[in-house]
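You will see subunit A twice below: alongside subunit B first, and alongside subunit C after that.
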Partner chain A sequence: MLSLRFAVPTANTLIPTKTKPKSGLVVQTGWKQTGLSSSPPKRYDYKLQAATTDITDGRASVEDKEVELPAGLSRELMPKHVAVIMDGNGRWARQRELPTSAGHEAGVKSLREMVELCGQWGIQVLTVFAFSSENWIRPKVEVNFLLSLFERALKSEMESFGRSGIRISVIGDSSKLPASLLSLINEVEETTKNNTRLQLIVAVSYSGKYDVIQACRSIAERVKDGQIQLEDIDEGLIEQELETNCTEYPYPDLLIRTSGELRVSNFLLWQLAYTELFFTQELWPDFGKEDFVEALSSYQQRQRRYGGRHS
Partner chain B sequence: MDFSRQKRKLQFWTDKIGNILLRLSWHLVHAVIYLCYFTMGMVHALESHLISRGLLRKYKSLYISKINYLAIVIESEDACRTSNVIQLLQWVVALGINHICLYDNEGILKKSKDLILDKFDGVILFQDTQEDNMLLDQPCMTLEFVSYSDGKEAVARAANVLLKEYIKSGATGSNQGEQIFSESQMSEALKTVGSGGPEPDLILIYGPARCHLGFPAWRMRYTEIQHMGPLKSMKYGSLIKAIYRFTTVQQNYGK
Partner chain C sequence: MLVNEDDLQRIFSEWTSILRKCLFRVIRVGPIPSHLAIIMDGNPRYAKKKKLEEGTGHDAGAMALLYLLVYCYELGIKYVTAYAFSIHNFKRSREEVKKIMDLMMESVILLTRLSKFCSLRVHFAGNLQLLSTELRNAAKKLMENTAGNSNLVLTICVSYTCSDEILHAVEESSRERTDGAVVKLADIEKHMYMAVAPDPDIIIRTGGECRLSNFLLWQSSCCHLSSVYTVWPEFGVLHLVWVVMDFQHKYPYFARKKMKQFVSVP
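Right, the complex of A and B next:
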């Protein structure tokens, strides 16, 4: 097997898009899960075998067979936690003279593909920035559509999460979410809490600064209750109280942001200290397997020191 | 017998030629890819040279006033290259950017602070007691030196400040908790503990990895982040290109 290593040019901070915006449109309303087995594109030399699911005693377990990775990727160097800012749905729709809602629905399709790939390639945690606290200022129609799209997707995919071994966690300020969505979130989190193949963390109404503030507030309550002393407060304690404490791997190894913007926009501010940042011009509905492989290749080739030095 | 010997001989030579062809293919593919990346490197270097000479019209006039505050993150191993750091700062100042924050994870730049400040006339060391808007109105150059201790550790210290206030107020209800633990209060508390600089508009990262190495998270909510490569390979043209790219960006802030 060819194994190529070469210096990756870093003069450009953006990875230029290799394909033109796709003309034509394939929009699927809702999120239909057709099963895990599908015919792989011929350009990838990998064998995909269907995962089988056994449900015993209310626990879903997935027996995975070995899935060969695309050429150039190494399973040992796969990031444990990937975070994604799914940007560009609106622009994608405008390019095609479609309503914004069509862009968001196409974005859901991209997310579904990414979740499948993460599960197959051994990524443990995928965190997606679905809705920022700043997004509340968008037109009410769009906000309502986004929340209802999220609710529909959760309802339709609940069963398949179990089959696929996906655990769902939702982080963010839930105080502004509709009651029906809140109750559905609780139900899905409870139903999938024992799944272990992949943890999908959806950030809804999330703000990185808010995350830090609510951690401090929680700590204050614990001090008031006498659980901890004032002197015990350090960055480790704050980290324990952040919303990403729902996972074993709270710090993303790789952050992908689509649509060409080069910023994190108040997403996981605390957690991104040593995260590899990958910015791509592709709009989120166009972000597919090839682009994900490119991001992972870029991650695997980097020399990461996490603040230390080479010995 | 002769036939089987001939057959073995033929097999031997076929395998040998096959191996040679495989090796040649291997080296050819390597050579092609190396050439591609070499060419890309040459193109980048040429573009950078043309930009520095002012030969590319697009980069001749930069809307510099869009950058109120620039942060430069340097990987700690590169931070020891003080001459490179000074050169970079001189380029930045020459472009008209006067308010700069220098960050490295281990605080090596803080130790070289005096050496760096000596190279610039009239430079003011950033004082946290100043209001951000007063700082940015200063016509002269200001330099801020920041390290990891000004990030997460500072937030922990600021959290302690807020907590003491919370306890002192005898707060019992959640409303009072929300008033004390708010984003604006945290920003004030960070200033109190000496780590309350302004949010940079742009961060330039000099290092092998495309990550900000623990730059104070509280200050980079909407900050544009551009990776520039290792400090030893820094180019004036690349700097201009990065700044130009920033000046063309439009932020929606969630809208």
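Right, the complex of A and C next:
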């Protein structure tokens, strides 16, 4: 069968689908795995809340003003949880004949901008893939620089996190991190734990497979100790044991990967089951407001069926 | 009947299509993926577009898979995995689910015949307990009858989600490890439904959507993702060639990945 009809040009998944944008509120209801209801899985049962925050405990109170969204974006269709693979820092630096460290520094600036936009636009959780477990094999100089950059960024931003109502969580295998960084992470997590405007989850030394393995170990331990029976193991139990149990919305609605690479690279494997994927050619330090709007616009036009069928 | 004897004959006569073999000879100069996985999306949209009876889109989709097997065999792709039916698809209309299950039964018969011609091994990955007894037994029989074949391995994911696959592997690992030994990566992987094949090199999704829909989440960690706008029944030779060439363009990265040592998960 030789078909000479090409479809609309295949693209690196930047093509917006031809489905019409959804209108009105997106209301998700509970669903059991083996049920026959037409609703999406329970883990997508989100409460739609306005993004207003009033922080007490001695910190400056923050009240979000109703920030006007860019044209074409709808607040009701905004994803609750956005995940980002921040790829391209090294290439950005090489293009400018700068050292790799300059690329990473520029990447931090992009992240700051994105955190600000997420807070303004009502996104509840932003998860960023800062350092993969596979990145440990990079040159030691680069690894040390990245860890120190992370440490410096945490120290310098700690106060502004409090002012901005941002909660910081760090996920990943902490056993390889330097003691000073570990201590700082614990301090920042403790200091920001009551903030509610935006939760920034930073994946450091993280692997999606490792996340599932450690969940499995916890469950096996609990079975051995008699806390649970083998029959009690279900998807909900695994979900509780994953590192993303630090958030109310553990499943990203949208994953953005920059720099044109089309893979998920061992990031949040379990959690990406029904995540909409968006790939862009922009390198991470160049990824700005316009690119984010494009990604959100693409997301808001998609039909999410969760295996069902829209009539 | 999905395919009659004349259709089969025509499919087999296409095995000698000189033009296609010349094209594939050129493509094979570069690296060829060893495992291709497909999310076959778009069958109902195809039927609507062609103004066909509702449900016949899935028939066209099954034919497209059959042709793809032929192309993959000729191109030298060793493993093909197709996402035929998700556990969550059971919440579709009763008529559509019945239609797909009947089609699955016909496909089992067809694949039994096809396996004799090209040493095709067929494997069904998923929670087969959710299928009817008749279909489950037919699938198991086909798996047993083709277990010794090795030229091409087709895995059909039916009644499948990767969440369920991981859950099953976690349950089995926990059952084994009640002696207190630490659970390792290998313990999980050996209990996966997909243990019969290596991780895919490419996951293609047709129909223009860009999500994995709970397909091979575990196995997709380092594979190339390809979203193709065309609906599944229209996915043909040239689309396959485009996808493989795109993979070849990205191949240096994957080759470097395989050379490097991954950080081992204890």
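FYI, the second predicted complex is superposed on the first by the 251 of 311 C-alpha atoms of A that agree within 3 Å, B and C clash if a C-alpha of one lies under 4 Å from a C-alpha of the other, contacts with A are read in each partner's own complex, and residues count from 1 in each chain.
Rule of thumb we're sticking to: a contact is a pair of C-beta atoms (placed from the backbone, for glycine too) under 8 Å apart; a residue touches a chain by one contact, two chains touch by 3 or more.
Note that the structure is predicted; figures quoted are calculated from it, not measured.
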By the touch definition at the top of the document, which applies to A:138: first (subunit B), second (subunit C), both, or neither?
first
Touch test for A:223: subunit B only (first), subunit C only (second), both, or neither?
both
Using the superposition on chain A as set up above, list the residues of subunit A that contact both subunit B and subunit C.
2, 4, 6-7, 9-13, 133-134, 136-137, 208-210, 212-213, 216-217, 219-220, 223-224, 230, 233-235, 238, 261-266, 269-270, 272-278, 302-303, 307, 309
List of subunit C residues in touch with subunit A within their complex
14, 17, 19-20, 44, 67, 86-93, 96, 130, 161-164, 166-167, 170-171, 173-175, 177-178, 180, 182-185, 188, 208-214, 217-218, 220-230, 234, 236-239, 242-243, 246, 250, 253, 260-263, 265
Residues of subunit B defined as touching subunit A within the complex:
26, 29-30, 33-34, 37, 40-41, 44, 48, 75-77, 105-106, 148, 151-153, 155-156, 159-160, 162-164, 166-167, 177-178, 180-183, 186, 208-215, 217-218, 220-230, 235, 238, 242, 245, 249, 251, 253-255
Can you list the residues on subunit A that touch subunit B in the complex?
2, 4, 6-7, 9-13, 132-138, 208-210, 212-214, 216-217, 219-221, 223-224, 230, 233-235, 237-238, 261-266, 269-270, 272-278, 298, 302-305, 307, 309-310
Which residues, counting only subunit A, touch subunit C once they are in their complex?
1-13, 15, 17-18, 33-38, 41, 133-134, 136-137, 207-210, 212-213, 215-217, 219-220, 223-224, 230, 233-235, 238, 261-266, 269-270, 272-279, 302-303, 306-309
